[in-house]
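For clarity, chains are labelled A, B and C in written order, and residue numbers in each chain start from 1.
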Amino acid sequence: MKQKRYLLYSLLLAALIIAALIAIDNSSLKSSMLSTILQKGVIYALLAVSMNLLNGFTGLFSLGQAGFMLLGAYTYAILTIPVEARSAVYQYFDGGLVQFSVPVAVGIIAAGLVAAIFAFLIGLPVLRLKSDYLAIATLGFAEIIRALIQWNTLGPITNGSNILRKFPTFSSILFPFAVSAVSIGLIVLLIRSSYGRAFKAIREDEIAAEAMGINLAKHKMMAFCTSSFFAGVGGAMLAMFQQSVQAKYFTSAMTYEILLIVVIGGIGSVTGSIISSFLFVACSEWWLRFLDAEHYIGNFKVPLLRAGFRMVVFSIVIMVIVLFYRRGIMGTNEFSWQAIERFFKNLFGRKAMIKEREGGGVE
Amino acid sequence: MSNTILRMEDVTMQFGGVVAVNNLSLEVNEGEIVALIGPNGAGKTTAFNCITGVYEPTNGQIFYRDEILVANYPQGKMKKLYAGENAGKYTKVVKRTPDEITRMGIARTFQNIRLFSSLTALENVLISQHLHINSGMFSATLLSQLPFIKSKARKEEEHMYKRAVELLAEVGLEQYKNEVSGSLPYGIQRRLEIARALATNPNLLLLDEPAAGMNPQETRVLTEFIVEIKDRYKLSIFMIEHHMDVVMSISDRIYVLDFGKLIAHGTREEVQNNQRVIDAYLGVAEDA
Amino acid sequence: MHDFFYYIQLLLAGITVGSLYALIAIGYTMVYGILRLINFAHGDIFMAAGFFMIFISATTSIYVSLPIVLILTVILGVAVERVAYRPLREAPRMSVMISAIGVSYLLQNFATYYTGGLARPYPVIPFLTREVTIGSMTVKALTIITPVLTVILVVALVLLINRTKIGMAMRAVAKDQNTARLMGIKINNVISVTFVIGSFLAAVGSILYFSNYEQVTPTAGAMPGLKAFVAAVFGGIGSIPGAVLGAYVIGIVETFIKANNDYAIFSNAFTFALLIIILVFRPHGLFGEKLTEKV
């Protein structure tokens, strides 16, 4: 019975969100800061959850996210630029090698697949390394991928170090939400399945997991490829959001940002990653912006406030969380209707509970 | 006429300059409880690790029923150590990963409990059933969890869940099923680790110091528990133990290890009265 | 084709770069040997030293600034350890690494904020940048000074580690922290000394590096830092001679790659390819020890 009630709650919530998004889309808010933040936030939410799957749930400390995002973004862009636009975009490469274009949906799925294929190839040698070495090896591969894409010889495909643009972008704010929601939903289902439990076992104790019959190489590869697939999808969406892509921006700094988002939300909590993504984007794009501008109180110029201060404050906040609130916002907990119901029961049911206890018999 | 379920032949495990297990040969037959005892550092856990594939022995063969688990012949620098009759005896090199070995039917517990401590007792036992899963990643993710669809994957998931709950009840741990395993009392954790090993459906169970850290009362309960599970699940048991009361009360046969070498083997009485065993445990007097 | 002297000059340039990577790599390998921590922030400490020099030499003479920069960098390094790593010593490894990444992030953002993000010119240090003629080649003095100074410092360090009491303490802590503590070694002091040495060498390295490159940006430390780390892994993490050797290999090969226009974009990628090859075929590096985990 509980299950049915919770399902109802979830459907209602989903309907509410969709309604709100449609409203934003059709109103003056369409190009507003709020819309930007919602779109960027939901894309980062997918990126954070996919990273969490690998780092938080399987315990594989990988820093290669930016590389897979880059592969996804470029795959999408390369495949979906309309044929007429190619000579303009690939101006230094005679219009480029790829002379067809695919629908958006195909482009996004291809983005994920290409990322997953690279993950498979990279994972073969790398996944058996110890955690610190895995981190550096994946970081290294991300850098190699970035260099490869910018290589002039591959220019006919990737446009070398030039910008890729003119590919299809979002027509409505619902699009990124839909893609993210489906992707995150799939990841959650995976985590809840027997394979997800196997991933958690690997995180808890590799040796015990192996002793209980879990093939480490196979399952680590599964987690790695799945996580990279969705990183690729996220990368494609990032490309659509920004409306242009250039390899040089997909540096390790981007991976660090996502890692920090995961840590803030709670390693091992999907809900935490989602919440923290929106918070992160809101703070860095919007709320803390005031820290970057010079402010005056009367004739007195407030010290410290100028361009770049926002990132400093932000970095300090992150350090505080890493040092003192290591479990992040949600720890390893997830959103549950049960917890919310209990919260409200406690709030309004106090009196009833006290009466019960006083009048109640021996336990 | 009983069959041999486990056989070690001339197994040697060398780490750099240390020979942890030296030419060990032993057997466990179906339905037996065999104990491996010896002073600390004698190489007992190392022997377990060789059987379960955690270490690859420097030399020797290990058989599970008729299948080879591992077979190694001395290579490179090790060759000169084995000059003589054992040199180059095995021409095959067979290695299996621990998970393969578990899938063949051998399960184990660890000396220092290795539960999945932030997961619940139920999850621990559920994980041990993953090795038998038939659904691939896609079916397990999608089909088994979408509401209103009764698929094979879903049935499999439900079956695993039911089995896990049943198993916890069978070992008397059902009230802990939703407790985080790392926060359970020590004795319960040890029992849970055994339950988790049982969930892989083994034929041979390796117990590494199951009674470690227990008081006499707990030890008695554990001893009964071991016999109970052996009968109920039709197991053969090979255990490392320091608590002599456990060893002496239920072992069919005992092997004694000291400094990696087998120094005695036999029934309880034979081993109890063996002078070499007594010397190994108590030390030899300075002046003879 | 290019003549012989062209290649000699490339080689010298490579040795110079290699020496600089070596000075940074030593810091990484020592810290990893003792704490099992990849100090992601080490490269940014190198960068900070560069900025210290720029700002301090604006107010006092070069010769006064030099020692001040060394001292400030050491203070920064020790402070980072105290604030960001010490509290997490009992925490899982991932947490400390995330903390290191956080520190790196903070240092870079602070540098961007403080300097406005633009590159700042590095002050000219006469005795380093003046030209010296050898045979038919003209090079900057620092092309000669750098390797010599590096070798001197490395030898001094190796002597310190092997012949002094503090060196022995460091080796003990690197081998087995708990036992070392039981033997009465003050772990915190040993760790602080490690960071002092690492930061000092990074500061020296930064003086030589930026005198060559003539400008400092907030992200100037990231790549050299990462490459120095790869050098340390290549040589065997925890081994100082190994780190130095690795640094020279990377420095020289990279310089030669950069000289070729077609492949210049891969100069950074070479380092990472080297890293992956060593991790796959010999993860403990050239001179490192193989570790087996006790089950």
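General remarks:
We take it that contacts are C-beta pairs under 8 Å (C-beta built on N, C-alpha and C of every residue); 3 or more make two chains touch, one makes a residue touch a chain.
In this text the structure is predicted, and so the values were computed from the model without any measurement.
In summary, the chains found to touch both chain B and chain C are A.
For chain A, the chain with the farthest CA centroid is B.
Here the chain at the heart of the shown protein, by mean C-alpha position, is A. For the pair chain B and chain C, the distance between C-alpha centroids works out to 47 Å.
Look at where the CA atoms of chain A average out and do the same for chain B: the two points lie 42 Å apart.
Distance between chain A and chain C, defined via averaged C-alpha coordinates, is recorded as 33 Å. Multi-chain contact residues of chain B (touching two or more other chains): 54, 110. Counting partner chains per residue, chain A has residues 207 touching two or more of them.
Shared contact sites, meaning residues of chain C that touch two or more other chains, fall at 295.
Taken together, the chain B residues at the contact with chain A in this complex read 52, 54, 97-100, 102-103, 107-108, 110, 114-119, 123, 126-133, 135, 137, 140-142, 144-145, 147, 157, 160, 196-197, 199-200. For chain A in complex with chain B, the touching residues are 7, 186, 189-190, 192-195, 197-198, 200-201, 204-205, 207-216, 222, 226, 332. If you check the complex, the residues on chain A that touch chain C are 55, 59, 61, 125-126, 129-133, 135-137, 139-141, 143-144, 147-148, 150-153, 161, 207, 252-253, 256, 259-260, 263, 267, 306-309, 311-312, 314-316, 318-319, 322-323, 326.
By the touch rule above, chain C contacts chain A in their complex via residues 36, 38, 83-84, 87-88, 91, 93-95, 97-99, 101-106, 109-110, 112-114, 116-117, 222, 226, 229-230, 233, 262, 265-266, 268-269, 271-273, 275-276, 279-280, 283, 293, 295.
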